[in-house]
Amino acid sequence: MEYNKIKDFISNNDQFAKANGIKLLEVAEGYAKTSMEINDKHLNAANVVHGGAIFTLADFAFAAASNSHNALALAINVSISFLNAAKSGTLYATAREVGRNKKLASYRVDITDEAGIVVAIFQGMVYIKKSSILK
Amino acid sequence: MEYNKIKDFISNNDQFAKANGIKLLEVAEGYAKTSMEINDKHLNAANVVHGGAIFTLADFAFAAASNSHNALALAINVSISFLNAAKSGTLYATAREVGRNKKLASYRVDITDEAGIVVAIFQGMVYIKKSSILK
Amino acid sequence: MEYNKIKDFISNNDQFAKANGIKLLEVAEGYAKTSMEINDKHLNAANVVHGGAIFTLADFAFAAASNSHNALALAINVSISFLNAAKSGTLYATAREVGRNKKLASYRVDITDEAGIVVAIFQGMVYIKKSSILK
Amino acid sequence: MEYNKIKDFISNNDQFAKANGIKLLEVAEGYAKTSMEINDKHLNAANVVHGGAIFTLADFAFAAASNSHNALALAINVSISFLNAAKSGTLYATAREVGRNKKLASYRVDITDEAGIVVAIFQGMVYIKKSSILK
């Protein structure tokens, strides 16, 4: 599989991740890693990183991992637990495939800060379509 | 309770919602409604609205509803199911309190498009701190 | 649709619900209601109703509602939040369809006690197979 | 910590697990493992192991792991994804602590069959009370 082509395609075409400063660092089989350098735009009214920003960071890794097989995969379900608030530095999300059949696949994502502290954990499922990502 | 003051405080101080064009329309007791007019910046690589954008829209309503009592509430857990992809128009999220005790409270959020089609459903829990939102 | 036939089929063939005293009270289109009269066998080591018993009560309503269309539906994802502990009396679970397309459908389930207090809330998704329930 | 005393206390007092043939095999710090030998009583109307039985197996490991510190911990939130149906043999659930602070702690649980195939994955959070398990 041409994981770098998939990485480039997703990196270049995900407008929401781009607009929010979230980068796709790695894509491999059933695996992806993303990062987000925290700035003021990521904060909520309680002055910590918005749940939506943490979710998006994780969801982007989940999307890349689940599309790494070059079959279009759409998120159908996600659960996220927030363990520790984050305020500054860089956050990372690492997505790993747990199971996959023809139509459905499941992933776990860890969201950590620079010190390796777990900020959130994420569990998600995708529905796999017949179309492919790369032409 | 001064719901309009809480609405203004959250609207003015949530940088991530602001940066992504998400508006807080209403706050009442255990209730809030938000909106997002879809533009290109909300799309993912599959050219539909990013799960992170839909989550953020819902999470912002959840945050406003759970903080409507003027006690600082932090999200600890959320599950979201994506039912229909969205591409254009305006999306709305409506959060309603299902239960609340001293330390924990639960909310359900509906995310719909302009035609009332359910785009996603969301279920979340907050942990309630001793500090208040307004001074 | 012959909802009573589906109700009878599920009632008669769900061994786990039967073994745990859980009854299927009603089935209609995208809807079902179940009940469980609490006894000592439903308790956990903290002497309150086991999360597994509450889940099973809700899951049984979810299964009946999602199979009410007479197409085999299998649970793929569930999130449950526990709001109040239960110790005695009868618990009820009411499942309602929120969305349904050819392959996936989503449900919300409320679990309440006799006084109408919300014990737990549940959100679930099924994958729809081509086989039918009734022959 | 006296993990064997906690294991014995939970094993002896969880009526619902006992009634359904679920055994607590191991308890260590933030860790527990349970097993369930499948029989007809665990099946649903589709003739595969009931989601409620799989949930209960996992929830029992989650309860033991989260109570392993000898502080009463109550489940507040769980998400479970079902990856593969199970019909016979023995299922195992392994719970591991991901994070813990004074009031909240998070766990991941893997449910596998005898061949190590992942049947389900589970993510749960507890609220920690001031009382202890052992006297």
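Labels for the chains are A, B, C and D, by order of writing; each one numbers its residues from 1.
What we mean here is this: contacts are C-beta pairs under 8 Å (C-beta built on N, C-alpha and C of every residue); 3 or more make two chains touch, one makes a residue touch a chain.
Treat the numbers as computed from the prediction; the structure is a model and nothing was measured.
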- Copies subunit A and subunit B touch; is their interface built from the same residue numbers (over half shared) or different ones? same
- Item | Centroid-based (C-alpha) most distant chain relative to subunit D | B
- Take the average of all CA coordinates in subunit A, do the same for subunit D, and state the distance between these two points in whole angstrom. 28
- Note on the structure: CA centroids of subunit A and subunit B: separation to the nearest Å works out as 20
- Item | Mean-CA-position distance for subunit D and subunit B (Å) | 32
- Note on the structure: Residues of subunit B that touch two or more other chains sit at 76-77, 79, 81, 104, 125
- Item | Touch list for subunit D against partner subunit A, complex | 77, 79, 81, 83-84, 98-99, 101, 104, 106, 108, 118, 121, 123, 125
- Item | Partner subunit C, residues of subunit A touching it in the complex | 76-77, 79, 103-104, 125, 127
- Note on the structure: Per the touch rule, the subunit C residues reaching subunit D in their complex are 9-10, 12-17, 19-20, 40-47, 50-53, 55-56, 59-60, 63, 67, 72, 74-82, 85, 133
